[in-house]
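Structures incoming, each one as structure tokens.
Below are two complexes that have chain A in common, paired first with chain B and then with chain C.
Showing the complex of A and B:
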């Protein structure tokens, strides 16, 4: 059960870290985050079903495509509300989310789809435990990417620029950092990370236009547990969510359905008891 | 209120009351659409009452669903008559809102929105799991007032008139100043002696009561409810897009927004069948970007220009 929960938390971390980036650096709570994930998943499915491209091999392509789309949406819409009230920012991204979701319904219908890769049912055993190969691959890639993002933020020039902008927009601008470009880049990376998570979902689960909301909510749960804007806490928070869900699935009768509600309890508990987040 | 506005309101009301008697003869489908529009208008206006305190709720569907399920279950499992059951549904929604409000209304902006959205989704999951509530299959509810469409229409029209009255009173009383102060700057309002949480909880309870009674009405008029419909995100989304489109924090704005949106939706539904919600997303984005005060703002600017 523990292994199951840990493996799942890898994907959660990747889905949430992009949202944490956009909240932390730009200060935009992006309700459409899950929709970028959903678009990535459809891209992965489509490339696999039509051209036989393995979703894993297609990741760089899909991430780049969604990076461009995310950047365009940032330039066309989100940039305009950066100084508007928080309510307007939220409503705008909510509108984008509804728009993208229903666009997907119109384009591809609401039916769930599954990409059956040859190694889908393959299992490997590590130290006496048997785990599914796709789950293991997804976990490794997701964790690598999340840690890579931490490294970029911590070590590189652009990462330092992002952290500077996150702390003090005006101060960073005075130091000669081009704030707008940093924002654009951060938003693009945020959506590209979501898309990558989406493409890997095609390996394990079915894809439908409606999965976006679920992942937006789970990503929210994670960044609320971590503390809004706290990017470093995301991995721990993902573990909390992944393990609690696995716990409910294994120990509660009919737990599969109940697990869908776990993230709400976590959100509510954290918000009431410690609104600044657990890992800060 | 000026005399001119009073007269036009009275005419509108008379037309609205006379409408079903004509529609029932001419084209019963119009009656159905009118009922849908009024349901939507009640939801939009009741959502707006909470929004006046600066809180964006994504839980309107939760109270709508709670009202629907409570009322349906009370009539089916406890043998209660339909109207008392509907009132009980609305009351339960209000009580739950009070509880949720005390817990979550200390949270601001984004935190509150997330908490309410998650609350709504969790109710859906729970209802989907429990056998008692009919699980995913849903419930069949007994009809309101013997299933007569004209009387049913007048019933929901009464609810609309009530919520319009409440909204009008809120905007005419001391509450208006309290709500506006809280929305503009919560800390200043608190310093000035406004009991912020109490006003917010009050607004939340009123808002949830009307959502609850509308949900209950829906159950007994369309006779079937399921978790996916009763707790649908479309309800929450519609309830917030209509006021934003029509004009926030007013009484007329949400109602006009609801009527306009529902007519567009009705048209789109027959044109593209699935995914017609796309219009809500589009309108939301366009309104936020280009006309932040909604239709009411556009109207006010146009009138202002004409005068100058």
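Showing the complex of A and C:
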């Protein structure tokens, strides 16, 4: 169960780290985060179904495409409400979420679609344990990308600029950092990471316009457990969520139904007992 | 002046005569028979509703070649979006503004209940395709004018466990999603399994849409039952098929009955030999079914993907036949003729309306079983409609 829990936490981390970036740097709670993941998943599916491109090979193209789309949505909509009350921001991103979901239904119908990659059901044996190959690949890529984001934030000029803007927007501007460009970049990266998570979902599951909400909820749970805006805590929080779900599903009778309640319970506990997050 | 007046009067009369002549064909046309249809064309189950719309289109074209009572059918289709209040409002519009003669359509239980509550107050012939929830049946138990085409949940359960018995299986595990769809299956599984002599070894729940079923499947594997009965939705059958292989779970048969199957499932190697229950599949070998599939392909340039299209076709054709036999639109007369329906159409099973547990006029009561065999849904049960043999034990991952 530890292995199952750890493996699922990889995808959770990748889905959540983009949202943490958006909350931490720009300060906007993006309810449409899961819909960018869904668009990435559809890109992965169509590239595979139409041209036979493996979703893994398509990640750079898909991430770049959704980066551009995310940037355009930021410029066209998000940027205009950055100084508006938080409720307006939330309603806007909620509206974007509904728009993107319905657009996907109109374009591709509500049917779930399967990218039948040849290794979808393959299992590998590692140290006496059998694990699913797609889950293992997704875990490795997700953790690599998440750790790469940490490295960018910690060691590069643009990463430090993002952190500076996150800490004090005005102070960063006074130091000559172009805050608007940093915001644009952060939002674009956030959506590109969501799209990457979506493309990796095509390796394991089916794709439909409705898959986004589940990952938005899980990503919210993770960033609350990590501490809002605490990008570094995302991996630990994802592990907490993944492991707790796997243990509840396996050890609690009819635990599958309880597993999703786990993360809402965790949110409640964290908000009551330690509102700044478990890993801050 | 008098001449001018006479001239004006003559001109007006001439104009009136000309106008009357111009509108003569319209006035001469018999008024249409209005059929109100409430189905979801958008929303999560919009795909099924769109399939129904195509089935209705095929039926309408056929009916209007020789219209009943010499009056063409006119379909007034309302999109309920899968939303109960929208469905109720659609019925009120159809009955008050459009003055429909017959109400048809229906897909989900929740919207059906919303419509049913309104129809009870304004009775109209209700030829209803949707809803499997027996609570809806109880709601309309006294309605003589209510004709239900789709099997009820207990009919589905009866077919499912009868099929399992026919395989020779002795034990079964149950894995159900934790919503109303799954919970009603749990309630019915015990009694029906006992009735057909199957020992229910274990029962597990999962959250529909979950990306990871490995803990649940690992638990089910320990029960080592002959058959896994999986009650979930379209998106759940992919992780079931793939992750069962990954955890090395290979019962003699995996039986799933999602409302429809994901696009591309036929190409998923891990899904091969999985069995399913349905009212109809495009591979149904009945001649009427083959004709329907052929016409559907020609008309819409695509394959019919679910049973909703032939069910909608059957719905409209049987209403037209009943009106034809009744010779009028009188509710009592049409109701009487609907009760006399005996129609063998594209579903491949003769449709008659009989009493059910609560309702007065129940149509189909049995599902068929099929097995995915190399990308095709091969009908394997019951024998009289089977197009191939069930591969049992299925060689999942073996």
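Here is the rule we use: the second predicted complex is superposed on the first by the 279 of 280 C-alpha atoms of A that agree within 3 Å, B and C clash if a C-alpha of one lies under 4 Å from a C-alpha of the other, contacts with A are read in each partner's own complex, and residues count from 1 in each chain.
As a convention for this text, a contact is a pair of C-beta atoms (placed from the backbone, for glycine too) under 8 Å apart; a residue touches a chain by one contact, two chains touch by 3 or more.
Quantities reported herein were computed from a predicted structural model and do not represent experimental measurements.
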Fit or clash - chain C, chain B, common chain A: clash
Quick one: classify A:260 as touching chain B (first), chain C (second), both or neither. both
Of the partners chain B and chain C, which touch A:205 in the superposed model: first, second, both, neither? second
Going by the contact rule set out at the top, does A:103 touch chain B (first), chain C (second), both, or neither? first
Per the contact definition in the header, classify A:95: touching chain B only (first), chain C only (second), both, or neither. first
Is A:129 touching the first partner chain B, the second partner chain C, both, or neither of them? neither
Contacts of A:87 with chain B and chain C, given as first, second, both or neither: first
Examine A:272 and indicate which partner it touches, taking first as chain B and second as chain C; both and neither are also allowed. first
Given the touch rule stated above, what does A:221 touch, chain B (first), chain C (second), both, or neither? first
Stretches 23-31, 77-85, 185-193 or 257-265 of chain B: which one clashes with chain C? 23-31
Could you pull out which residues of chain A sit against chain B in one structure and against chain C in the other? 105, 109-110, 254, 257, 260
Within the complex, which stretch of chain A touches chain C? 1, 4, 7-8, 11, 49, 105, 109-116, 118, 120-123, 130-135, 201, 204-206, 208, 210-211, 214, 245-246, 249-250, 254-257, 259-260
Which part of chain B faces chain A closely enough to touch in the complex? 54, 56, 103-104, 107, 109-111, 113-115, 117-119, 121-122, 125-126, 128-129, 233, 237, 240, 244, 272, 274-278, 280-285, 288-289, 292
Which of the residues in chain C come into contact with chain A in the complex? 42-47, 50, 178, 203-207, 209-216, 218-219, 234-235, 238-239, 241-243, 245-248, 260, 262-265, 267-270, 397
Applying the document's contact rule, which stretches of chain A touch chain B when the two form their complex? 29, 77, 80-81, 84, 86-88, 90-92, 94-106, 109-110, 213, 217, 220-221, 224, 228, 254, 257-258, 260-261, 263-265, 267-268, 271-272, 275
